Amino acid sequence: MEKFSVTRTDEGAVTLLSLKGFLDAHTAQTFENVLKTLMNEQRYAIVVDMSELDYISSAGMGIFMGFIEEVRENQGDIKFCCVNPRVYKIFDLLGFPNIFEFYATREEAIGQFKNIRDHS
Amino acid sequence: MEKFSVTRTDEGAVTLLSLKGFLDAHTAQTFENVLKTLMNEQRYAIVVDMSELDYISSAGMGIFMGFIEEVRENQGDIKFCCVNPRVYKIFDLLGFPNIFEFYATREEAIGQFKNIRDHS
Amino acid sequence: MKIRKTQTSSNKKKVYRLRLPAETRNLDIIRKFVVGIAEQCGFSEEDVYNIELAVDEAASNVIKHAYTHQTSNEKIIDVAVRERSDGLEIVIGDKGKGFDPQAVKPPDMGEYMKKLKSGGLGLYLIKKLMDKVSFRMRPGVRNEIRMIKYLKQDG
Amino acid sequence: MKIRKTQTSSNKKKVYRLRLPAETRNLDIIRKFVVGIAEQCGFSEEDVYNIELAVDEAASNVIKHAYTHQTSNEKIIDVAVRERSDGLEIVIGDKGKGFDPQAVKPPDMGEYMKKLKSGGLGLYLIKKLMDKVSFRMRPGVRNEIRMIKYLKQDG
């Protein structure tokens, strides 16, 4: 019955968010709240694991657009990993790969924040 | 997308039918055809494994009623096993346990046909 | 501000309607529709299943019985689900020949075995699975089975 | 026997209608409804997904935009799916304020980043995912987005 969930795991300065299920205009609210919390905690190094995300609509994609500026202004980033091909196609249609970095594995994505990790 | 399937396995004189998915007024047709084939082949020792049957409506239950007389007239039977509690509740509401035998395992159900197996 | 009016219109909003061809292959769509609403309403998993089955039975009846001897009319099933504060009210309608619900006898399993008539289980099941069941028949125009399932207090 | 008449009425039968409250929690019900029909029609898994998303986008727009500044009207979404020999025609309707589809510009991702406006992606996506898209606006009465997805010849 749970249509969408986010699991948060902090690894040093990097926060890993694992999305699961359906991210639509309804469940986007849940996800927005998680990101708001991260902003409040000033955690700007974010990796979003989408291996278990089955579906995303533009309302879900809009959430990333809504936070990326604040994140980057604070020397952070939102990086994506393990996006399934169906979901990736939608990101691609909307030109997201020009704006966000996509990685095949968590490790690669997390590895991009090496500087930040060493700093903290 | 496949909403219902039947897997048939012959073990000597006993035929095991494993049902999977949703057995409703639409998919009942498929199931009826399988039983018709068994009648044609004069295979009357039938065990129906419902461990993977998620759902049954009266149209599905009616299929059993439609064949049981012919089966028993030929010294056979239709025995049920591994029915999940939700599905069993519906059989129970309609008094099926007074008419059919239900077993917890395949082995038990198949074992009931021991005489038939020895004969053949 | 007319409170009464507002209440009425806000009740009105909580209606879900589905209309589709009376074909068995659409049972799956009907079930998913009703399950989706029942889940949102907070019914237990078991009650969602009971509602799903009752609706399937009523819809299967429309498909099997409502439009026999009838070629001209539109062969459709209507499903309306109304959220109530105490549960769900579901109406399954058709434009077919109608029937006399009083004349349908509950199945006697002993007799059943003798007659080996496969049928007569649907309405019996519906009455067992739902809390209230009623009928309204206007053959050729609109026949309805209306059923209510109450949310359990301890939900 | 009037062949023409029969054809018309058999076309009529292949319409699936859904009407429900314009609330985001109902998106799931709308998607399942459309997916069920698209699967039956023989669309590929990828096209089913495209149709699902296009319908979700159109319905999300109704929920988000159609009924702002409006308290009295019934806030509903209508979905009608018509099976055609060559594919599916889907109409999403509302009774809200309507809008001028011409005035909606396709998003420019570069500009997008600067403005950081989250939005404007829905209609763009719909046009990418579906084969034909058109609009009809009668504010307060009925606004529609109509979209067609063709079945691929090679199935």
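As written, the chain order gives the labels A, B, C and D, with residue 1 at the start of each chain.
As a convention for this text, a residue touches a chain if its C-beta (ideal position, glycine included) is under 8 Å from a C-beta of that chain, and two chains touch if they have at least 3 such contacts.
Owing to the predicted nature of the structure, the values given are computational and were not obtained by experimental measurement.
Distance between Cα centroids is largest for the pairing of subunit D with B. Taking the mean of the C-alpha atoms as each chain's centre, subunit A and subunit D sit 28 Å apart.
Centroids of subunit B and subunit D (each the mean of its C-alpha atoms) stand 43 Å apart. Counting only residues that touch two or more partner chains, subunit D has 25, 28. Two chains count as a pair here when they touch; such pairs are A-D, B-C, C-D. For subunit C in complex with subunit B, the touching residues are 24-25, 27-28, 31, 46, 49, 52-53, 56-57, 60, 63-64, 107, 109, 112-113, 116-119, 121-122, 124-125, 128-129.
Residue ranges on subunit B touching subunit C, taken from their complex, read 3, 22, 24-26, 29, 55, 57-59, 61-63, 65-66, 68-69, 86, 90, 93-95, 98-99. Against subunit D, the residues of subunit C that register as touching in their complex are 9, 12-21, 25-26, 28-29, 32-33, 36-37, 40, 72, 74-76.
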